[in-house]
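Here's the structure, in structure tokens; my notes come after.
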Amino acid sequence: MSNLIKRDLLLSFYSSANFFFTVSFFILILMLIPFAFGTQTEQLKVLFRGVVWIALALSIIITVDRIYNADYEDGNLDIIMQKNKTIEYLIISKYITHWFIYCLPLLVILPLLSFLFYLDYLETTQIFINLFIGSFGMVFIANFVSALTLGARRTIFLKAIIMIPLFVPFIIFGSDAGSWPILLALSMLSFVISIYVTAYGLRLYGE
Amino acid sequence: MSNLIKRDLLLSFYSSANFFFTVSFFILILMLIPFAFGTQTEQLKVLFRGVVWIALALSIIITVDRIYNADYEDGNLDIIMQKNKTIEYLIISKYITHWFIYCLPLLVILPLLSFLFYLDYLETTQIFINLFIGSFGMVFIANFVSALTLGARRTIFLKAIIMIPLFVPFIIFGSDAGSWPILLALSMLSFVISIYVTAYGLRLYGE
Amino acid sequence: MNELKTENLSCKRGENIVLNNINFSIKSGETLVVKGRNGSGKTTLLRILSSFITSYEGKVLFNDVGISEDNLYNSKFNLIGQKNSLKENLSIKKNLELWDILFNEALDHTKLLEHNNLYHLFNKDVSSLSDGQKKCISLHRLNYNKYDLWFLDEPFVFLDEVNTNLLIEKINQFNENMGTVILTSNINLPKKFHKEINI
Amino acid sequence: MNELKTENLSCKRGENIVLNNINFSIKSGETLVVKGRNGSGKTTLLRILSSFITSYEGKVLFNDVGISEDNLYNSKFNLIGQKNSLKENLSIKKNLELWDILFNEALDHTKLLEHNNLYHLFNKDVSSLSDGQKKCISLHRLNYNKYDLWFLDEPFVFLDEVNTNLLIEKINQFNENMGTVILTSNINLPKKFHKEINI
Amino acid sequence: MYIKIKNNHIELIKSANPYLIFATIFAFVIGLYYSLFQSPPDYIQGDSMRIMYIHVPSAWFALMTYSILAGSCVLWFITRNPLFNVVARSIAQVGMIFTLMSLITGSIWGKPTWGVWWVWDARLTSMLILFFLYIAYIFLWQAISNKELASKISAALAIIGFINIPIIKFSVDWWNTLHQPASISKLSAPSIDVSMLIPLFIMTAACFLFLVTVSLIRFRLVLIENKVLRTSN
Amino acid sequence: MNELLDMGGYAIFVWSSYGIFFFSLIIFFLINILNLRKYEKIFNKTKNKID
């Protein structure tokens, strides 16, 4: 399990999906807000709360292909599945690395960004907590969608259309400051579902 | 040239990047607005103007891999380049199909959507015109970024980081109602640049 | 009567010289087998001949005209490389439809596939084919007409005996119709062709 | 002394029966060559033996225990299929690093690659290798130790004569160390191995 | 036109290195002394305007370096002289650092003067975009393993990126949703005192020396990197 | 002296910006110097191999 995590982190580092890139990506996406909506301070604040979620969702949507697809196509998934016979460990490692590479950077620069968008300390903390909890749930969802669509026609749109509705509850409760307990419940629910469904999907495509 | 357009349209239709999917994608993205930002009518209007642009940018960012990469990897690009010796025609066909598949659907459902977001007839028309002109420019940009990064490590993040700054002018002027002449100028400029740079990139990678 | 000829052809890839002074000439109706060790530049040679690689030294002449000068040269050859140009997630039928459009020629696939005993897979996705079957489908591109030259990069790989013989037969037929074939091969072929060079 | 054995093995893929009553048994130190037409199920057989495909009829026994019951079976075989498990856009060096982590074993790649005359490509991207060179690197996975069984799906494809002989030598050596090999092949091999079945 | 980089050129650069380093340090020490101790505080902004002495040179060199970068990429395409490619690659990262510094010092300065760390106005945002253009140039080069190809591709991108700068800078006029805060124009008025110009001038010179020193070090680095990549491949 | 450190109440801004500025420049300079050393070493090694 720790081997797989190490390997995935190294791989993403080598394929220049490194920390620096993801951070830049998030900054750029959030930078679009003032361009698209103007720059009234009060409005920026409101928008920021929403757009961090959209940025997170986007980062997960565009990287959903990386979770299993790349390894499936070049044959590495065979090796991975052979070496990790307890498929649940395999999946959990994938959760961890995917979260680490594509969600953590957002959390790391969140304080800086919320500065730029005039949020105060308390607000930032609330957003941070929500994002932290919610991002895990979204990663769980992305994982099982990725596993289920392994053999489907390679279409990120299809995956987006499957995922976005599943992300909606996270976005609704996520942009509401106090509702982290609900997010926690949602994340836990998606964990339970995801681990079964992902295992099912991987076994199917192993054939 | 018309052969290539026909083939690309058919291919995208077969790989379920069809009209229905792209339309759903846009609806879903725009549907996130009220969830993420609340539902005050006045605010929704402002948000809508901005979010259509973000949705368009997203659609182009997540599909940038499809323009040349998929064909490059499976060898079809060789055939395409052999059959279309005038590389400029090839590129223009790609512009057309990419616009057709990933931008047109947004324009088609725009009237319906703006209705849902309480925009009036005039406002809708303005947004429509801006989107129509600007989307071409963004497609031109996406094309040359795709051609330039054909051999780069398959990372959508890098492409996003290259593209978003280039999209910024479009988004700035696009969300401003009356500035379609500027958009037109921008689009034309990017056309000229794009056709050279794309041809340059394709020739380099043909080797 | 066509003639394809190289004169002192040399080519670098990166820093390494992979082709060094290659000279051959081949006429209509002949087949040239290019042999050589792994990494000796066989594939590179074919990609030069099909004008994808343009940075080489020496000359490549088709009917005594440099191939980069001949505007029509591109419509005269058919290159089958290792990438099979198939969309894995589409059925054979759809893939062939796409090819038909690209090659601008509507073939009677039903009959042709039956000949290779592949017709029963017509509606199957390419991803569910065996390697040999994929290769057969990839070689199916040779049925498109109107070409003077075939460039085949290790066409026999993955094929079983029956399919190998079918392909050899097809090459012979093409030769009889005055077509020119250049193929690379690592294995010893069951049949001797007209010419052979070692690079 | 290990023994791998199938009893009345049958398997369907989609609607078609691809394996029908396959029976063989193979002991430590032996090599089995599986032959058959394209699409006859050779690859399928190897994927059943390596327990990726689990929906088959009949029995697959390793030391008289069904492979799905044996928890340790997964650590006993090394499967080299057609997908080369290489990341095209990374250098050989980085690819091998990634493998080292996955296989949990740090090999001395320098020496091993020099043996195949590939060391000078160490820092090159996989995408810039020739097909044969890629295949060699893919087969490099056989250097990871501790396996009792090798399952090789058409390992000689793309290899030139020298590399083919190197591989045969390696297989012989593995056999001498009491390893068991099952390989599929479409072409006639230059050497006769212990057993052969036709499916 | 074709300038070939010879060994004795590199030797020259090498031997100049310690002097350059010394000069840079010296200039910075003098500049620091003037900017922190020897100049009076501004009568509106007080001591916070001392940030100007590092902010403004960084901003200038951020822009200047990108112009040189794009310029030498153009020259490279025209003359095919690899020297320009090496120059572009050795200067890019220094430019990126200056851009980052100008962003950071600017926004630290913004807090006391504007009351916020950041405003979304054209100049600031154009600077942020410039930063990403640098990043795109540097990382695109790294992401393509065939380095000959990588140089061509990223040079093309650098040239295209240059267009973005004037577009976004002129957008100050077009982009009506925002206006530039007055505090900037007040400072940049010609009324600026000589006692402020001296430290600004020295710091600018020091930053320029830094740019040259590090660029020359990177020049050697890039050359040797090329050689190593060539032999190891 | 205290007055000077205080910067008329702007101490934190002035000192932090100067601090970050010089810290970054020095780090950047060192990275490049060290990289140059590293590559020079590698280069000399490969050259010796060839010789």
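Order of writing sets the labels: A, B, C, D, E and F. Residues in every chain begin at 1.
Here is the rule we use: a contact is a pair of C-beta atoms (placed from the backbone, for glycine too) under 8 Å apart; a residue touches a chain by one contact, two chains touch by 3 or more.
Source: prediction; values computed, not measured.
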Discussion item. Along the graph of touching chains, what's the shortest path length in steps from subunit B to subunit C?
Written reply: 1
Practice prompt. Same or different, please, for the subunit A to subunit B contact, judged on whether over half of the interface numbers appear on both copies.
Written response: same
Discussion item. Quick check: which two chains are joined by the most contacting C-beta pairs?
Written reply: A-B
Item to complete: Please flag the chain sitting at the greatest distance from subunit C, going by CA centroids.
Response: F
Worksheet item: subunit E to subunit F: how many Å between their CA centres?
Response: 16
Worksheet item: What whole-number Å value describes the gap between the mean CA coordinates of subunit B and subunit D?
Response: 45
Worksheet item: How big is the gap, in whole Å, between where the Cα atoms of subunit A centre and where those of subunit D centre?
Response: 36
Response to the item:
Chain centres from averaged Cα atoms put subunit D and subunit F apart, in whole Å, by 52
Worksheet, complete the sentence: Among subunit A residues, those touching two or more other chains are 14-16, 21, 24, 28, 31, 35, 38, 70, 153-154
Worksheet item: Can you list the residues of subunit D that touch 2 or more other chains?
Response: 82, 89-90, 124, 127-128
Discussion item. Quick check on the complex: what are the subunit E residues that touch subunit F?
Written reply: 28, 32, 36-37, 41, 46-48, 50-51, 54-55, 58, 93-94, 97, 100-101, 104-105, 108-109, 111-112, 210, 213-214, 217-218, 220-221, 224-225, 227-228, 231-232
Worksheet entry | For the subunit A and subunit B complex, residues of the former touching the latter | 14-17, 21-22, 24-25, 28-29, 31-33, 35-38, 43, 46-47, 49-51, 53-54, 57-58, 61-63, 70, 153-158, 160-161, 164-165, 168, 171-172, 175
Response to the item:
Interface with subunit B, subunit E side, in the complex: residues 125, 129, 132-133, 135-136, 139-140, 143-146, 149, 152-153, 156-157, 160-161, 163-164, 167-168, 171, 174-177
Discussion item. Going by the contact rule set out above, which residues of subunit D touch subunit A in the complex?
Written reply: 47, 50, 52-55, 71, 74, 79, 81-90, 94, 97-99, 101-104
Fill in: subunit B residues within the subunit C interface of the complex
3-4, 6-7, 10-11, 14-15, 70, 73-76, 78-83, 85, 206-207
